[in-house]
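Letters are used for the chains, namely A, B and C, taken in the order the chains are written, and counting of residues starts over at 1 for each.
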Amino acid sequence: MHDAEPSNHSAAPRPGHTSFSRQIGIPLLTLSLAALMAMIFSIAHGSSSIPLQDVIAVFTGQGSDLQRTLILELRLPRTLSAFATGGLLALAGALMQILLRNPLADPYILGISGGAAVGALTAMLAGLGGFLISGSALIGALSATLLVFGLAHGTGSWTPSRLLLTGVVVASGWGAVITLMLALSPPQRLPGMLYWLMGDLSYARTPWPALIILLMVCLVLTPFGRSLNVLARGPLQAAALGVAVKPMEALIYILASLLTAVAVTTAGSVGFVGLIVPHMLRLMLGNDQRLILPACVLAGGTLLTLADTLARTIIAPEQLPVGVLTALLGVPTFLFLLYRSR
Amino acid sequence: MPHLRQLCSAALLLTGLIPFAWADALCVLDDKGRQVCLDQPAQRIAALSPGATELVYAAGAGDQVVAVVAYSDYPPEARQVTSVGSHTRVDMETLIALQPDLVIGWVTGNPVEQTERLEELGLPIFYLEPRTFEDVSTAIERMAHLAGTDTDGLAVAEDFRQGIDTLRQRYQDSSPISVFYQVWKEPLMTVNGDHLIHQVIELCGGENVFADLPRLIPRIDVESVLTANPEAILAGGMGEENKEWLTDWTHYSSLQATQQSNLFFIPPSLIQRPTPRMLAGAQLFCEKLEIARARR
Amino acid sequence: MSCLELKDLIIDVPARADGRAISLSVEPGQVWGVLGPNGAGKTTLLHTLAGLRPPRSGQILLNDEPLASLKRRAIAQHLGLVFQERQDGFPATVRETALIGRHPFLSAWQMEGAEDINQAEAALAALDVAHLGDRLVSTLSGGERQRVAIATLLTQAPEIWLADEPTNHLDLHHQVAVLELLSRQAAAGKAVFMCLHDLNLAARWCDRILLLYPDGEACWGDTRSMLIPSALEKLYNQRLITTMIDGTPIFIPARD
């Protein structure tokens, strides 16, 4: 799983050497630059072509009305939504993986997004629109998490493998419910439902709730980075080293559910980001959560921003669901890294 | 082009009717190009799409319909007929138990596995897929022929044909106006040049801004609508009265359609099914475009 | 200097009668050895003393304060534990693993500084694993992992050392090295409390012994008075041959 070459790990802190901040700073700076470039790329591309100097003109307060609408009202919010959603999903995945100490953990595998999807589809079937679909998805995500963790808890304390197994089984249950709902849906509602299930950022109305929650969760997590590192070594070891394990696990669980719910509410079911991004970063950057968690936000956001730009432009003006692209981009990259790291 | 199309459909009509002249059997060509023959007029008709149901009733054979599928809501009497599932999943047992002597299939709407099975069971299937106004007329005529209601059917088909011709003559010299027709909101969908609705747009002297896209019902983004900048936007809706889709466009002040308030609602059932009601839909469509022209 | 006091402590071994309540005090400079057959509750006792599981009854005082009332972080600043079973979480290098020993002493916003890194490096060197610093723990041998775990505790440098079979997986030389290290810690004023399987190592390096019987019975005292052949034979249900070498009793299992 893990590359054993020293150069791939946080470079050896020799006695008297500099603090961790340099090892954390350089990767994060690189990823921030990548994120910025992905955003610029995303804003500069769309189904209608706008020359780069016109894009810059719009940001300096010039440009035609149409260009201003296209860039400021359509592309900019969508780019920000894509970035926020990717960041939310990757961070949620990374947290779930620490909680379960299992690299397979991911909001989708644990059935959280399945619950959100059932909530959203119910709203669509009822003919509700807009914010009611979002609200319904949020309720679905939260109740799915409660269900999984409640069932996994059962009569005793939960173990990570039991939680994962419960999540997987509950997720396939949601899958069946989704299929049932699709089978019973009036045909004219099907395209909307299918696109929602594949994950689609054109549903994103405003990026602000997602961005604000992402930022708040990052701030909440900042002081816990080292505690998460210790927790990743197992709950007993963590408790012996002074981590209050139960409150810590409850915090991670609540934050990860919230992140997933907000992501699903913003863009539907975009899969693979939460699984692949943290894993890829761990293969490349080691496993210090103080680096990995912010790196996940940046890399997840970058990945989804790029994927969404492709989804909007590959066969423009026709549109593809972004979830298909994250899977098509993410799976081979992930497999390649896994293969190389052996 | 219209002339050529009329010529072709006339030929089709003739080939459909010729066998009637010399044989006892009732034979017509269906939209798959198959010859469908019945020994006697159909008495028990199963219509496997809401559109087919409407066409059978229009052909004057409503009393002979024994089976319909979900959402067959027009004419209102059709709601009382036994349903055999949905057009995507037909309840074969119920359908066969009703012993239909003619099944009206939908070429691209019904699952091939099911219609093939019905063919194997020896049920005569008449496949429909009207792609032009003339297709709608001949569909009514052919169906009426199979059901033995030629008089009624020919009259309805002729009314429709003439109604469309009247619209065509009235608007063929109108000044062109660019139109975006919105099929659905989430995801945003429209029609390309092959769609019947595109022909409604042309009929009314409009120009479909997305006519050249490769897919019949392409999924697009808002950006491309803003760039195409149509003079009028016409939309269906979630329901017959639901016009909320249009209000979204009012946010985009750079759109000509928004500037001139050319945002119009067309009840989807009048335009999205290839049936005689399209005439009313097309009339409404043309009136809206006239309003838009007047606002120039 | 810290001490750990057990007051009428009964550990919670499921489906076992209460047995004898343990009352003893682990004090600076002492090296305690816990002996007992499999399933006697040695690991449970150690986890209970570390506050990782509640006792069935009785009390544990860390510097006169009930353990149950202390925050985990406060406990970890005084008391550390080497586990027998190690959960393999996410991959981590040897150096990273040793460095987490500093966790209880760093504030939430603090990064590990040069001082902490030096401490971890010194601990790794003390256990002869400094050359493995960049290796992943999961790629090490059992004995190397054991030494890394002890190095982590040495980095933590608590005043009370709890160790569950610290010589597990170690070769003879490293067994001796580890026990020497523990007794040096005790000599420097730390208190050591460890479970051992090897009677002879206990006889040689422990000054206090706690015998735990499978039925919950227990007895404790200084080594000389506890390591009585008849008591040990009853403890392990095994006949022993005893001899004295170098002033220390040596126990060898007898062949039946």
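In this section, a contact is a pair of C-beta atoms (placed from the backbone, for glycine too) under 8 Å apart; a residue touches a chain by one contact, two chains touch by 3 or more.
For clarity, every value in this text was computed on a predicted model and none was experimentally measured.
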Chain contact graph, described as a line, ring, star, complete graph or other shape: line
Chain centroid nearest the full-protein CA centroid: A
Mean-CA-position distance for chain C and chain A (Å): 42
Chain B-chain C separation of Cα centroids, rounded to whole Å: 83
Of all residues in chain A, the ones touching two or more other chains: none
Touch list for chain A against partner chain C, complex: 1-2, 4, 6, 9-10, 12-17, 19-21, 97-98, 101, 103, 222-224, 226-227, 229-230, 232-237, 239-245, 282, 286-288, 290
List of chain B residues in touch with chain A within their complex: 70-71, 86-89, 184, 186-189, 210, 213-215, 218-224, 226-227, 229, 238-239, 244, 251-254
Of chain A, residues touching chain B in the complex: 46-48, 64-66, 68-70, 73-75, 127, 129, 183, 186-188, 191-192, 195-196, 200, 202-203, 312, 316-319
Interfacial residue positions of chain C with respect to chain A in the complex: 47, 50-52, 71-77, 80-81, 83, 86-93, 95-97, 100-101, 103-104, 106, 108-109, 111-114, 117-118, 121, 133-136, 138-139, 156
